[in-house]
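Listed next: structures, encoded as structure tokens.
Shared between the two complexes below is chain A, which has chain B as its partner in the first and chain C in the second.
Coming up: the complex of A and B.
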């Protein structure tokens, strides 16, 4: 049943239509149903009218009208977020950037591109083919996710190990604030004078304003790329290899790990050529100049041999390399072959404690009678334990929540953090007090309020809402009707 | 921990206070004025695990002392400054190394900061891991804030490997041509007539790229040129005697440039930020991150 919208909505819709054109506003039940959720497992969001602006001015108009009606606004890219950052609470105006998908300017010499926020991540790098440049952040959803969404979540991806997360690739941002004004943060070259408001804005999950135009830095394509696949009979050995590679002074372009359950699912799905009998496989990608890459391959092989590696396969050509990556990129989809539903977690731990933490996570999840598959960015300690389950099974979600809470606590106790790249959103806001004291959170509140003193930009995200640590993920702490 | 508590007590809850590191760039953003209590952040390296590529260090530690310890494991951090400058000072100023293209931006080096706020309470920004999307990016806000939002006591920095080989060259090849012939040079400086290029990496790769530049007329030199004292943002032609850091658009000039006007919309957010963090303006009074030429 479609949620009934509050009074005054008809007037709100009319004003939005007047401001940006009726063809750019929808408030039908189907649309509000679709825009009531994102790719997280959070359900029950309530969207108000959904707007599809096509310019900075139109974004500002959406914000102006929403706030004039006392409504909040929620920015939204492709809706691929996994923490509920785009899930609307309390019938806000949802501002979708999907029609703002133009690549406005590419300056090859200065290695800068101006894009609209709705440009799909992979489309930019495809557009850049032949220039010798690419956009480095490469989240697994890069075929669908938008650069505006990447900016909001400070997204990563396998190659951010060497190249850095999204913030390091955003030079300047044109932002629409909650008072409908527009401001340019950052600078095309180097640092802007004063506070790094650009850096503060990135990762703000749409709670600080809406990015309307983004200047991204472009990264030169490496002249040489080599991709290695290493298999192990023990996850501990694979983790020790990760530590050994980093300790040897190598920062690979990517350093990914998959466990037995993932390998099996991937092989059943895409036949990437991973050894089915392995307890863990590592994908190590090395790039740069010829001599250095050759040298680093030798070191990776040596470290692998010191830690009981089975085989070390160096992809012979681009086809083999692409197949290795195809398996990694399809890992989450492959899990659907185990069970119809999954919940993907995202925490970071010190990379030297990977093996110990994964063992604890597996034990916790299995104790809750759930299947766990691990596929993660091992090089920077970014875990992605993935719980597979059948949502139709009575009581299964309670077990999933209980296991989730344990996973978070295990990571924090190991000196880790709540999220490496998916953000906090609604999913983890209740866990924030596990990582931050009230005074830590007050400082974060000070940052947020400087951008959005009226509190209309995607509220109810990021901060706990007065609940204690014991209430983490408790249904009572999220807005009525929303469940995690 | 006790050092941090002592630092917190020194900062206290009332009266104007500033934190002083090595004092090597003390006038950046304006002098703090008379009658301001001067405090110092704790110094010393509290934890360093080379395999983790992070270091926990008191903000009062000198960059030289830190570099010595990291170099034992062939690692370094993206901070730079004159002899005597401290980690906290380098972060507060936020200037990038001239090797920025190799080591990264200064603002990306700070993973976690344990601070004392204007209310005299301790708070933590960021987290200890090399990757973190848990909450707002307070660390990036603090870098370059000249201690006007909070005072950093202890920090966790990201380290990077020191390259096997490093080489400086000088010649009349333009920066654009250097970029075309080299893959990610560590530094490109331009003095109006000559490029000064730093190549870093494995020896054989560096020598090969250097050979190409030498064939184009560049010559090996001992190190970077001596940089003039004032940092200005390049807005037109490069002034006489200036040296441009191409990657960050900063011109090192013999004379200081005028302070540029700041967009009122930006200043409005900045003023709210200051008011939210330090409503009584007790931290580094009179110092203004917007009163710098670059």
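Coming up: the complex of A and C.
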């Protein structure tokens, strides 16, 4: 059924077109269908008009017109978000940053680049090739996701273990607030005087305003990079190796784990030579000076041997290294080789309890007659259990939701948190009271209100609320009997 | 618009969740069909099948624009094509016609300079427009194949056009008719070698397009010329170490994303030249079959991006030569003044110079 737009929409469209040009506004059924969702399994979002501003001023105009019409606005990057942050509720004006994809300035000396929010993460890395610098956050979705989205979700990536997540790589942000004014948060060099509002804005999921220009910090390329692939006959051994490597005083550039089901699925796609008969594989990346890296390789091998490693493969060249990473980056999508649909969780548990938590998660999911595959940023205890299912199977979603609740419970019982890097969005807003007291939540709301007193900036996200949006409500209810 | 977005819209059209209005059509028509999404898709979604089915259904409702239909019809009329092209070539030399974006700046006045046989160890597929506009590419290709010691027959006008552009435009019926004609004309067991990535991809897909055992057997015989050469590297002479020219490789989508033959090309070329990469995962240059005619704005934007990368790669490596294994791409890039050769032309030149240095100098 074609969704009808609320009354007043024609005037809204006309005003938006007047403000930023008719070629930058669309409100047809096709656009609203596409912009009604992101990469999560959340269905049922309804967008109003979709705008494609090309400058800070035009973003401000979109915000001004939306608010004047009493409509909400939802910033949107590439829509690769996994928690429904960009899913529009109640026909808001969707403000897409895809046409703001210019890299404005690269200052190699000061290691700063000013970019527009719609710049694709990988495009920035490619642009920097040859300068000896790179942008460190590398979410697996880097081929598609935008720097604005990375900032709004404070995204991570395999290399954030050593280099830190997005927040550490954002120096300053030009923000359009919901009163259509523009402010600069942070500073290109040093810390801005006063409260760190830049820090508050990063991870705001579009509820505090829209990032219109971003100064990102650039990181020098390491002189030497070596990538190792280790395989194990048991997940516990792999997890022990992770703990052992960190305990030996090494912080690898990246430390990733995949279990047997994941390897099987990924290998079908990349043929990277991952051992299909292993219960778990570890990707360990070491970087730095030649001597240091050589020394660390020895330590990693020793720790591996102590924990029953099968083989240790050191990538011979960049091609082999890239293939190993290509497999890891495509792990989520490759799950389709098992079943056409997946639902992915994103929790963080203390690293030392990884093996125990995974065993419990696997047991729970399998008890609900679902297939589970695990991909982890093992180095920082970030777990991504994926439940693979066929959405056409009757009753399967109920089993998925039931298993989801158990996963959240298991993670929180083990001292974990709700989200490692994918954000709260719509998906996990109902779980917030599990981690935060009412006082904590109202303090956070006060921050939100300070940025957006009119409450039109991507509302309904992040905070538990009674009003529904999309078909996700049954997911967001606090599971009964959960222990906080 | 992303492939994910287009799939959402195709599905919505199927379930009635969206009106198929101009915007919806636009979303489908602006797809370059580069199939880069397929190569990148870890889930193995057959996007090519989805979009070509959709385009075919669309063409039943909305007819393609007249100039496209006339153009595609002309491709199937070899003599007319040849005749028209020669007239244009003369007019170009007399400077009585203005520059037309997609036409080569100097259409050839004569065809192939090589003699070829009715039967050979391999059949070189010559197609339609390439045979008329770029006969020197087929000649270079034939020369290189002959250096390996094999004899070459050509598919010629009886086999004619492969129908790739027709399928691309949603003209499924014509594409099938042309496919049948090719299969019929090229019976036998010899490998069918192709030097146009778009045609090669189409010929390899005849099995699925026609669904007959003959078509499947035919498709199994089809090889991109680089794939075939890669297996015969030992039959190519090793030349004395000398200057290795740097060559920037532009990957046609149908070579890289559809046929996956781009590594063969590198293996063959790198024996004699230094391959310079663009490091863009084979992003489309915007030619996209007839895309550059139908969506000039987007095609130009894609080309600008490619030209920037080429300029950057050229600046870093010092290489000036650009090669592309598809006539559509090379014409599209040549239209902004880039000199683009077919890899076989570079190889033929290097081999000729290495095998018979005197001869080449004489020829110059």
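Everything that follows uses one rule, which is that the second predicted complex is superposed on the first by the 466 of 484 C-alpha atoms of A that agree within 3 Å, B and C clash if a C-alpha of one lies under 4 Å from a C-alpha of the other, contacts with A are read in each partner's own complex, and residues count from 1 in each chain.
Assume a residue touches a chain if its C-beta (ideal position, glycine included) is under 8 Å from a C-beta of that chain, and two chains touch if they have at least 3 such contacts.
Being a predicted model, the structure only gives us computed values, none of them experimental.
Of the two partner chains, chain C is the only one touched by A:37; chain B is not. In the superposition on chain A, A:333 makes contact with chain C only, not with chain B. In the superposed pair of complexes, A:419 makes contact with chain B only, with no contact to chain C. In the overlay built on the shared chain, the residue A:130 is in contact with chain C alone; chain B does not reach it. More residues of chain A lie in touch with B than with the remaining chain of the pair chain B and chain C.
Looking at the shared chain after the overlay, A:199 reaches chain B, while chain C stays out of its contact range. Shared interface residues of chain A (contacting chain B in one complex, chain C in the other): none. Contact residues on chain A toward chain C in their complex (touch as defined above): 1-2, 26, 28-31, 33-34, 37, 39, 78-79, 126, 129-130, 143-144, 266, 268-270, 330-337, 340. By the touch criterion given at the top, residues 109, 153-154, 156, 160, 164-165, 167-168, 177, 181-185, 187, 189-197, 199-200, 202-204, 220, 222-223, 243-244, 246-247, 249-251, 288-292, 295, 346, 348-352, 377, 380-382, 415-424, 428, 432, 435-437, 439-444, 446-451, 453, 462 of chain A touch chain B in their complex. The residues of chain C lying in touch with chain A in their complex are 1-2, 4-5, 8-9, 12, 16-19, 21-24, 27, 40-45, 279-280, 316. Interface of chain B with chain A (complex): residues 49-53, 74-75, 94, 96, 104-105, 107-108, 115, 117, 121-125, 127-138, 140-141, 143-145, 149-150, 160-162, 176, 179, 183-184, 201-205, 208-209, 233, 245, 247-250, 260, 262-263, 265-266, 269-270, 272-273, 276-277, 289-290, 292-294.
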